[in-house]
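Consider the two complexes below, in which chain A is the common component and chain B and chain C are the respective partners.
Let's turn to the complex of A and B:
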């Protein structure tokens, strides 16, 4: 984390509120959004146990182009903790599903964005993340809980990921194009 | 918002994965049939592929359901006339055995030849 030169308190306060200065600032803000969106996600009724919108992943999706890798992974962990705290599953094996799914998605999205940078938008990155996360969770469900029968939950679960991933990606793409905060955050690093 | 080449590639790959999982989950041929045992206290599902003897509690006592070589039969039941034991063994989806006095229903669901249909109309 780069250290900034001392400045008058008033100016420093203004900077903190308005300008994303460092990866830590951005991680903190996006991490807080993860907590908030996890709460929103938790309020939305789910037709099936695994099916969720994945809106808590939006900050991670936005962070792909904003944060260096270590901070980006830290944000993914913050999201896992936030989601688990809010859903009350932090100290149960359910949190491991969240951890595995989120980390897989985060790494897949990062890799996709870095490797095929110019030819993929947030829509593709988001779909990739959602489907990768769901596929890993089905694999774990198959290995740990449901055995063979996990295959039966795969189609609706993967299809949900495809659709919600695309919608979330479209939102992120639009947000990134229009947000002045996002533009400043990109410029700041 | 501009959709780029790899967005489409990823969407197609994901759709392919969904289709593949759907084929794997729903195609009748790929799934072995299951034995569903309904007793007084609940319902249990067993794979027909592994041999075992299941004891199901009922009002008269325990009904023994034997699964051997992908078929199921009621081996013994504490009922007066043993109609269920006389029912022999079942192996295909849709077949069932019942011991009414002891409130046990055994049926086979899903699986390869679900096609034992008398007639169909669309």
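Let's turn to the complex of A and C:
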């Protein structure tokens, strides 16, 4: 998918390594990770066009315990806008689906983790996010593209969300437990 | 269509337009397209968008367009609305459902093509949020250029090593958008595209 990248290049980056890491910096880093995973996902063959693993949501899942809410929501927006610019879908329904799905998933995951504090594992948080995202996308698909027939794709779409959400949650849990970077990022904030 | 030819078209297209002017024109044309009620005009505009996307050198897959459009039309036909114009096995093809489906497919795919043609990679969004997105793109460039390997068997360790390397490198801040002066013909083309799209709303 990303055959070229936007102009702000390495040459434009200023050396700010001596400064402490800020939420903005971690948000940008995780946003870049979203773009990268989105490109990886693009290369994975899919049996149906709408079936996605949702691996680009992994950084958002990791950010639940890492970023303050405003930066966490900013990360979700960076993911949507950046991926839409890379794929050139910024003014299309695809961007609308992505915006609604990502923001809904982000809010659902945040609420599950923070409101029901300590009671929901990363797997549960991820499954909830995936199902919430897919449900909103089905509602939008029903309103703008498929009409009433959207209810026919709802069962496989939601089931896929449950499975991929569980797998992604398990991966995030293991990564968060083992990652030295994650421990350092948590310590920096 | 060769990759080299597409790259050359892409380079020419990006040299012609300023990212902001093209994006604004794209947004205006998209809005006009969204509110267009005539199916015939929508179809003609769709062909123009497809042409623009091809000229822009972006990846265009006609097979994907046909498959997605067929899916949208078929989904709309599942709920019969209007006069029955044909019967295919157990399925009744109804006029209103068919026209609705075709209209929705044209909008879905047309917006995709106009978006592909009008969003240049150098587009830099304004404000703090724009700076954040630009920083993310700088990090993204670094990930793409990362020399280490990421193997499925050691995915967690390899991904962690990548994140640590990015973390320890200089912080990233995106530079300002490189301003590109636009020629008269490019400006005229954008103004004409927007004016025509808006004008067609009253046809």
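We adopt the following convention: the second predicted complex is superposed on the first by the 165 of 189 C-alpha atoms of A that agree within 3 Å, B and C clash if a C-alpha of one lies under 4 Å from a C-alpha of the other, contacts with A are read in each partner's own complex, and residues count from 1 in each chain.
Everything that follows uses one rule, which is that a contact is a pair of C-beta atoms (placed from the backbone, for glycine too) under 8 Å apart; a residue touches a chain by one contact, two chains touch by 3 or more.
Everything numeric in this text was worked out from a predicted model, so none of it was measured.
Asker: Tell me which of chain B and chain C touches more residues of chain A.
Answerer: Of chain B and chain C, C contacts more residues of chain A.
Asker: After superposition on the shared chain, which partner residues are touched by A:128: those of chain B (first), chain C (second), both, or neither?
Answerer: First partner only.
Asker: On the A-aligned overlay, A:112 touches which partner chain: chain B = first, chain C = second, or both, or neither?
Answerer: In the superposition, A:112 contacts chain B only.
Asker: Once the structures are superposed on A, label A:136 by its partner contacts, choosing first (chain B), second (chain C), both or neither.
Answerer: It touches nothing on chain B or chain C.
Asker: Examine A:84 and indicate which partner it touches, taking first as chain B and second as chain C; both and neither are also allowed.
Answerer: Second partner only.
Asker: Tell me which partner A:174 touches in the superposition: chain B (first), chain C (second), both or neither.
Answerer: Touch status of A:174: both partners.
Asker: Quick check for you: in the superposed arrangement, does A:63 touch first (chain B), second (chain C), both or neither?
Answerer: In the superposed model, A:63 contacts neither chain B nor chain C.
Asker: After lining up the shared chain so the two structures overlap, which partner does A:155 touch, if you call chain B first and chain C second: first, second, both or neither?
Answerer: In the superposition, A:155 touches chain B alone.
Asker: Taking the stated contact definition, name every residue in chain A that is touched by chain B in one complex and by chain C in the other, in rising order.
Answerer: 152, 174
Asker: Given the complex with chain C, which residues does chain A contribute to the contact?
Answerer: 2-17, 19, 21, 24-25, 27-29, 31-36, 49, 74, 77-78, 81-82, 84-86, 88-95, 144-150, 152-153, 171, 174-175, 178-182, 184-185
Asker: Can you list the chain A residues touching chain B in their complex?
Answerer: Per the touch definition, chain A meets chain B at residues 112, 116, 118-121, 123-125, 127-128, 131, 135, 151-152, 154-155, 158-159, 161-162, 165-166, 169-170, 173-174, 177.
Asker: In the complex formed with chain A, which residues of chain C make contact?
Answerer: Chain C reaches chain A through residues 10, 23, 26-27, 30, 58-59, 64, 67-68, 71-72, 75-76, 78-79, 100, 104, 107-108, 111-112, 114-119, 121-125, 129, 132-145, 156-157, 159-160, 163-164, 166-178.
Asker: Given the complex with chain A, which residues does chain B contribute to the contact?
Answerer: Per the stated touch rule, the residues are 1-11, 14-15, 17-18, 21-22, 24-26.
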